[in-house]
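Next up, some structures in structure tokens.
The following pair of complexes shares a single chain, chain A, combined with chain B in the former and chain C in the latter.
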Partner chain A sequence: MLAAILVNGLVLSGIYGMLALGFALTYGVARILNLAHTAFYMAAAYALFFFLGLMGFAPAALLSALLVLGLALLAYWFFLEPLKEYEATVLIVTIALALLLQEVALLLFGGHFRSVPALLPGFVEILGVRVAQQALLALLFAGGVLLLAWAFLKGTRLGLSIRAAAQDQEAAELLGISLSRAGYWAVGLGALLAALAGLAVAPMATLEPHMWMPPLLVVLAAVVLGGLGSLPGALLGALVLAFAEVTVVNLVPGGAFLRTAVALLILVLVLVLRPEGLFGASFAEER
Partner chain B sequence: MGRIGTAVLWAVALLLGSGVSAQTLRIGVVGPMAFVQGEHTWYGATLAAEEINRAGGVQIGNQRYRIELIRVDTNEMTSVTDAATAVERAITAQRVDFLMGGFRSEAVLAMTEVAADYRKIFIITGAGLDGLLAGRVDRNYERFKYLFRVSPNKSSDLARTSLLLAAEVVQAVRQQLGIPRPRVAILAERAAWADPLVETAGRLFAAPPPQGYGAEVVGTWRPSATATDVTPELTAIQRAGAQVIFTVLSGPVGVPFGRDWGRLRIPAAPVGINVEAQQETWLRATDNLGTYVATLNSLAPGVAITPRTIPFISNFQARFRQFPIYTASGAYGALYILAEALTRAGTTNVDAVVRALEATDYTGATGRIVFDRTHDVTWGPGYTTGLGVQWVGGRMQAFWPRNWQVEGRVVSYAGVRPYELPPWVVEAWRR
Partner chain C sequence: MTGPLRVWSLPWALLYLRHEVLALPGRTLALLFVLFLLLFPLFSQDPYWLRILTLTAIFALYAASWDLLSGYTGQVSLGHAFFFGLSGYTSAILGRETGLSPALTIPLGALLATLAGVLVGLPSLRVRGPYLSLVTLAFPIIATGLIFLFPRFTGGELGLSGLPRLGQSRLEEYYLVVVIFLISLLILWKLASSRIGLLFHAVREDEAAVRMVGVNTVRLKLLAFAVSALFAGIAGGLHAHYLRVAGPDSLSLFNSIQPVIWSVFGGIATIYGPVAGTFLLFPILEILRVTEELRMLAFALLILLVMRFLPQGVVRGVLDRLEEVCPRCKVRNAFTRRHCRACGVELHLPAAKEVKP
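Let's turn to the complex of A and B:
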């Protein structure tokens, strides 16, 4: 059972990690609580499904990621940057954007369940646990993407300015960092991470227009658990929630439907004991 | 032409116009039209309306009426409120005479309240909750007598059939794999309709024959109806050593189940209810990994339940290029049942039509439909029971009923073939 929890937990952590890091970046730098984040993930998965009908996997994936990136930057330019001082308005605009993307997907593809063929069919046994090769590929992909994102944030001047803006906006501005430029990069990178998560999940999941809702809840919980605005915190939050979910399914099979609820309970408990989350500033202060 | 002549002509035109509209029956076809369930409700009703209109319409008394269908998109997959509002709008603004359709039980419950308030006959064709009719029509007849159900069989009857299908698979494991006491895992979505079925199934599987199946229940897993990943559940089921998975899935979780099960080659044969596996799109939706999945269904290619089954399937496929799901056959039958009741009643008076509907004895594409005292479709041999289908060789084929012995008779349909255990289940467990 321990092996099953370990293996399945790691695979789920990779996906949640990519989504949570992108969400935390967008909030940390551009100060946008983007509720459309997982709708970008859904849009990327559907775009991949559509483009695969016209071309091979690699160009279809590239085109899908670029499409979502363009969409996110346009949305930021048109709606979010001019409004970002008004937090409540931004929340409403992003949820409206998510619903708009959902309705567009419904209009274009209908309510039918769609699937994207796996790049790697079949499974392997790890510690006696059957794991789909596609899931391992997704885990490797997620690990690679997260490492690249980390290297970019840690090892480049632009990454430094993004991290500085995430840490203290006023001090960053005093040091000559353009918050607007950092914001664009952060939104772009965040959307790209969401799109890559969508591309990684598409060959394993079932595509339907409402598929953005369940991960949004988990991602929100992960970034709050880790500490709103903290990038390592978001990753740790994703890891904790993924393992909590898998543990519930294995230990309480009759209550498997409670997996997300138990993960959220852990979030509440952590916030009661440590209101600022595992890393980062207090949620109360942020509000 | 003078002013008086023009006025007379207008009056004549108006009278003629009103005469034409009086000879039209407006039927509201309700459902989630962006989803296959609603789409097929509409298609089934459309096919029946076209056939009836081509044959001269509905004879009511000494007048003939044409059928006009009104498409009512309920958005019921996401909003129960939207569904009730759509039905109210159909009654008050679009002025429908009768209603049929509906898919999600929660939404149909709300929609039928509105229909009862307006005293509109509503024939349900998609929702299975027992309580849509039981406890309403029988307990408060005057308020709810306008409600009828043509399809599907109610949840408790669906449970009966799905357990009969499971018995076939348990028997296959026993006979083909030489396992005297097969191990069964129950995988049921977390929903109120599934609870009694889980409880009954658990008891029945474990009880010794002849009352029970003499199997061992290794556990019950209850994922959410909207779960997108059931890998942890399947890993745990594999670890528990199950040879059979009894599924109770009506929600979208059925698709990830089929994909994950096929991809991981879980050595346990799934059988039960999986609404997603009832559809023609199943293999495409599961990336061809859902092969060998078995589920309760109402129709299967090439299986003639009644003389009307094959013509219905052929006409439907010729017209819409799709294999009909149960909401299609339900709506198709519902329109014929309504048309025949109107002819028998000889009037559109609602109370007379209700009485005529109660006297229905109609042989449709999925079986013989006779309403019980709650206006529900009767289950049983000689009526409608459903089919057991399995995805084999890239297509859906029926495996039940095949020599089903019940109430002193043997029920079997032409075109039904034996159940096939998935090869990797055989490979893993053959002794």
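Let's turn to the complex of A and C:
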């Protein structure tokens, strides 16, 4: 039981980690609470499903990631950047975007459950738990992607400016960082991370047009739990919530429907004790 | 006016109508809207349209209650369905257990929703901004988990059905809902345009400054949560008894998001904006049922495009074209006037010529 929680929790936290990091980047730099974030993940999974019918896995994955990246940048350029001033408007524009993607998926592929064949079929036994090799591959992939993203953010000048914009918009602008350019990079990187998460999940999960909703809640909770604007916080939040979910599913018989409720309960408790999240800066001075 | 009695005299009412209501396109539209709602059954008693209008009125009240909390005080609630659904369930369970009529159980449900509003509002004293939105989002989802956990008491996934009806006929229910809707709206509107409403605005803009001038913002924010939850609860109770079902759908994420969409579409922090948004979007969504497959697609596209070009909402966008603020005395005027109706200053001055340096 413990081993199952450990292994499945790790796999799930890898996926949530990718999604949460992308979401935190988009919010931190472009100041967009992007409720369409996991819709990009759904779109990438469906794109993979579509392209796999035409070509091999590697080019299909590449094409889907590029497609989602293009979609996100287009949406940012046309809908989100001009409306940035109006917070509530941005909120419902991202909801409408998510609905749009969902409906397009529904129109093109129908509401049936679809599945993508696993890249690595078969199971291995770890600590007495049967784990699909595909899940391990997804975990490795997520770890690799997260390390790469981290290296990019920590190691390059561009990453430095993105992190600076996430930390303090005004100060960053004073130092000559173009917030608009940083915003495009952040949105692009965020969407790319969501797309990669979608690609990692596609061979393990069933695809359906509404699959973006459950992870959206968890990702929102994870980012807030870690503290908005804090990138390590987002990863830690994803880890905590993924393990909370897996624990509930494993320990409560028939408690699968409680997974999101428990994750959000943890969020509320943490926020009441520590209103700025685990790693977030206090907003007391900020007006 | 010389004495208080004159206020009620007919000429005064006519003068008021002419100079205060018909002088402004926005107010004329509001009057026409109220008349339309009250007189609609005289022209058509088609049960389909009565049903749509009744549901729209219920949801418009729900959206307006969201606006009082989130538009005015800036405490964006993404879990408003909690109050809506809680009141519906409470009313249903009370009715089943005690056999009371909806006339009594709906207010009781709304009262419980008010208490829940204060409870949800308590974190708002510590948590703010997007953090608070996420905390409010958690409540309906936790409640849904509890409902699935105790299916015997709450009906589980299917919910409670067979609730007592609001009235004997569709027409009676229509008038009941419309009258409750209009009265609640009036209360919300009066509250929002009172001193308290002004303070709500101030809390949204700069809470520290409001505290600094000696206003108890804790009480103010809790009041906003309580009033908003009360009206959301009334809407929830009416909705449950009108459809005669209290189900987990009323607590869903979608139901929390709906008032946000309607309010922002109509225009946030105005009270009448959400009403306009609901009365525009809800019937459109119904009419779009003719193309079932493209329905949500068209809906999403409509929202995207309208918001792209009218980012402050439809009401603000339209009124800004129909009305004009006098540059001197700040009174609003109809776009047809050439002189301000209060101070007589000329409205359409030719643009000042640019002076070249």
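Here is the rule we use: the second predicted complex is superposed on the first by the 280 of 287 C-alpha atoms of A that agree within 3 Å, B and C clash if a C-alpha of one lies under 4 Å from a C-alpha of the other, contacts with A are read in each partner's own complex, and residues count from 1 in each chain.
Note that in this section a contact is a pair of C-beta atoms (placed from the backbone, for glycine too) under 8 Å apart; a residue touches a chain by one contact, two chains touch by 3 or more.
On a predicted model such as this, the values are computed, not experimentally measured, just so you know.
Partners chain B and chain C fit side by side in the overlay (superposition on chain A).
Of the two partner chains placed by the overlay, only chain B lies in contact with A:123; chain C stays clear of it.
Of the two partner chains placed by superposition, only chain B is touched by A:8; chain C is not. Of the two partner chains, both chain B and chain C are touched by A:257. Legend: residue contacts after superposition of the two complexes on their common chain; A:135 is shown touching chain B, with no touch to chain C. Contacts of A:249 after superposition: chain B is touched, whereas chain C is not reached. Rounded to the nearest 10, the superposed model shows the Cα centres of chain B and chain C diverging by 70 degrees about the centre of chain A.
By the touch criterion defined above, A:64 lies against neither chain B nor chain C after alignment on the C-alpha atoms of chain A.
Look at A:211: by the touch rule set out above, it reaches chain B but stays clear of chain C. With chain A fitted onto itself, chain B and chain C come no nearer than 5 Å, counting C-alpha atoms only. Shared interface residues of chain A, touching chain B in one complex and chain C in the other, are 106-107, 257, 260.
On the chain A side of its complex with chain B, the touching residues are 1, 4, 8, 11-12, 106-107, 110-118, 121-123, 129-132, 134-135, 203-206, 208, 210-211, 214, 245-246, 249-250, 253-257, 259-260.
Chain B contributes residues 32, 34-36, 39, 77-78, 189-190, 219-224, 226-229, 231-233, 235-236, 238-239, 252, 255-256, 259-260, 263-266, 276, 281, 284-287 to its touches with chain A in the complex.
On the side of chain A, the complex with chain C involves touching residues 27, 33, 78-79, 82-83, 85-86, 88-89, 91-93, 95-97, 99-100, 102-104, 106-107, 213, 217, 220-221, 224, 228, 257-258, 260-262, 264-265, 267-268, 271-272, 275-277, 283, 287. Residue ranges of chain C in contact with chain A, taken from their complex: 70-71, 76, 123, 126-131, 133-135, 137-139, 141-142, 144-146, 148-149, 206, 208, 253, 257, 260-261, 263-265, 268, 293-294, 296-297, 299-301, 303-304, 307-308, 311-313.
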